[in-house]
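Just so it is clear, A, B, C and D label the chains in written order, and each chain counts residues from 1 on its own.
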């Protein structure tokens, strides 16, 4: 059976499944990198991987540590600049983007800047980095993060990166690119999308062994729970083998 | 001018374009001159206390650590840091007490390695002040505006967020589309430190691999200090002039500093020294540990060459070269911990 | 929004950034695909009558003449030309009746060779309409705005002049300096024709020598047709990815066309064919002469290879190669006349 | 004696004399190129030559035909882009610029766009090209043109490139870079500068054999004629020899 997969393997597999062949994706280090490489080695061989520091379409030999690592432009089609890739994103060339966060709200807005008050931080986090950029201009952003009541919050301590702001039409009213925004959220408990009408987060599927009660107990805001909730498919042994090939040292997947 | 929103972050590094033009005319030499000097001399001359500084590369990729160590060695104080994509550079400068103000796109973190204990502690205790927020693209484009001699560049990122509210950007109604658009003010750092693969004695520079935002940053800099893996003959520059990323008239000082990016990564030359970065991350968990690090690796050594001996000399550097070229496996303390 | 001044030139090639993003998402493939085709096919497919077109290079430097001749051969009509730095390209397209509208930074002239009889005649008689004025830097930055997916880019040129009054720019008060500043609207040509030194079958392109404004123009283009001196193996691109000026996803068609810039200059390959340009300038003094030129060099030949035979074949091309490499003296009709 | 120099040789020599060592100059084809190369080979060896299409600091082997010619970046320090050099100009890095014109007015404004009405041209000229850019951002522009009553006019048919617009402070009021503007005008008759107070054109020196009456008879607007007017120095045989070395085929100088 498949039950000996790790939580990270499951996340990588679910994330990979969201990526379409022939599309482009803005990739960060860690899990997004693994997911994109898994997609390339399974259903999406022609997925274009782009890194914010300038690497475009590399043939990544081993997992990079940084998004500016030389592995991110190893045998790439272009080793360019941040100006080039951020401009491409702003002009609509980037389909998917991955984001992580310390906090998320019902509209998919993200905080990676500060816990507590901005000028008197309890915990100072790294800030936007490329997150605001990715969240602003990628057509579909995929958020991968840990879920609990301190992280799934009604009100963020700081809105670093735009989700749907305060609801339908808010992105467009703010001047953000039309038709873009959060697409899916993946946590250790389940997979979410956003309700078309309210732009609030909605449960799409729970991971194997997770109940809807678990889901709700780990969110400080009210999630939309539809009548029909699916269950995510766990990674097959073959997928797990590929994941081990991609990350032989267990840098991301763990040992 | 109807301004829809004004970010409340402090506006650092901005100059009226006319004031900057006058500064350029008076201070940037257009003559082809031998600019080779020592790091001691360059840092003493071009980095006054209180300056706004920025580093080329990408936080722990192609960072002029040789110049950064010299800044620490000379006990520079009250510096403001452009935290464009700040990783190792800002962490050590903040920990050493050289930098006490920072505008943040990305800082206080080491990507996969986790958060930076020293600079987080400095910010959370108030020893280092965050003066404004911005995004990576936003900072990059602040430098583009400066490189173009403009007061601002528009962008469609940051809108609707606290990042913008705590930035120095303004939002106006675009007169063409009628939609709100953010204007990013130019940023001209007082001094930029940049490490390149090769340049000639005049400062004409080539870089292999991604340029990150160094094209724009070199042109935004008021003073530009170049450290280089090697100083090459002018002939090498002139035989392929389309490889020149930075022409000489932007450059104020040229210092040959082989392995000058250690322990950060130099594309096609050497990989991250994870053992050394690991030692820093471990020691910098306390102020005493950080002080111990600086005593050992900065204050007790005369110059960068002596530092290179201390971190393991030729043997260590050869190993890092092998890892970069995929000829040796990566060893890393944080990787060991995952096992 | 207080607008201090609105240029009265026609705004060509502008799109709301959201409309352009949607177009990109729907029409530009991000997949690595073999894009090799023929010029006949590419021009037929991507250049509809009425399109707004622009050419890479610099008017008579690295211009895709092979693509231009094919446009004329296929009797394309009602094209609007981005006269960014237009020399030989616009002259023949206007003379052939393909282009009937032009926005002008530079046109109707051949630099040292004098003015262009054919296109001047067309403009002065009203057969070709100048729809707007702009400067070289202004046009370049219109493409930069488009490349960045922005509605506009600010600039400090053109202010106070009739060039601005007849452009599509607007002037606002800069909210940072309080001074007037011009905003240049983005320009997205419907089709761009560009000639490069080498590319792979996917369209990843390298250029030797100056890029002029091709970095920005390639990214501003809705459809980008690349002719290339040679199609190289993907390996050549991937072994030095920092040499890629244009990544494949910007490119719609790739056509191998050796000497495809003739009679314009291809850096490091071949110099201007001054005899041929001279023949054109002589013939194009009358409509009949221009018609004779097109009959001989465009309509009567099947394709570009046949044209190359007609202009002197291998021997002529070898001579042009020698002039470019300073191995043979320049001969030029207009130079003879000065003697 | 020196009297067998050509008018073009004189113009090139006078123009070259205006360029300082260690400064930068935006150069076009033809006479400006010759003048800059002459300056480099005489008093200004460290003059930085920049071309608008991207050539920076070349060692020009033979005269280029175009400002984008491969000779303009032959053994250059950089073969860059229009964006790079125009940005450098806008940011204040370019000291001198050369301009030509079909018409000039008393304030040094230039027309290279049209003779007659813009929408019904009598003669259509090439337009701004880089002229407006150079005239906007170079610290000191040098105008080289033929002088007669149709060219030195009170009112331009079209103001392509800014001089001092309508007088003192007008450039700054329009938003153009402060402290920049026309520096000298060189014609076949004499050398001019601009009066500090009025920003109107002022005679500085006549060429050998030219009288002040000749000067005034060939301008449709009133020139400022100071009490003291110098005479330009003709090119020495040595200068003429260098000019022949620079232009052996007589492309610009003529035979």
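In this text, a contact is a pair of C-beta atoms (placed from the backbone, for glycine too) under 8 Å apart; a residue touches a chain by one contact, two chains touch by 3 or more.
Just so it is clear, the model here is predicted, and its values are computed rather than measured.
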| item | value |
| --- | --- |
| Minimum number of chain-to-chain touching steps separating chain A from chain C | 1 |
| Inter-centroid spacing, chain C versus chain B (mean Cα positions, whole Å) | 38 |
| Centroid distance [mean C-alpha coordinates] between chain B and chain A, Å | 28 |
| Whole-Å gap between the CA centroids of chain A and chain D | 57 |
| Separation of mean Cα positions, chain D and chain B [Å, integer] | 41 |
| Residue list for chain C, restricted to those that touch at least two other chains | 17-18, 149-150, 155-156, 174, 179, 181, 209-211, 242 |
| For chain A, residues that touch 2 or more chains besides their own | 73, 79-80, 89-90, 137, 177 |
| Pairwise touch network: line, ring, star, complete, or other | other |
| Touching chain combinations (by label order) | A-B, A-C, B-C, B-D, C-D |
| Complex contact set, residues of chain D against chain C | 29-30, 52-55, 61-62, 65-70, 72-73, 79-83, 86, 89-90, 109, 113, 118, 121-133, 136-137, 156, 158-162, 165, 170-171, 173-177, 249-252, 254-255 |
| Chain A-facing residues of chain B, complex | 57-61, 83, 85, 87, 104-109, 111-113, 115, 120, 123-124, 130, 133-138, 140-141, 144, 155-163, 166, 171, 174, 179-182, 209-216, 265, 267-268, 271-272, 324, 326, 329-330, 335, 338-339 |
| Residues on chain D engaged by chain B in the complex (per definition of touch) | 21-24, 46, 48, 56-59, 73, 75-80, 87-93, 95, 137, 139, 177-179 |
| Interface residues, chain C side, partner chain A - complex | 17-18, 20-25, 28-32, 146-150, 202, 204, 219, 237-239, 241-242, 244, 247-249 |
| Contact set on chain C toward chain B in their complex | 1-3, 14, 16-18, 149-156, 170, 172-177, 179, 181, 183, 185, 207-211, 242 |
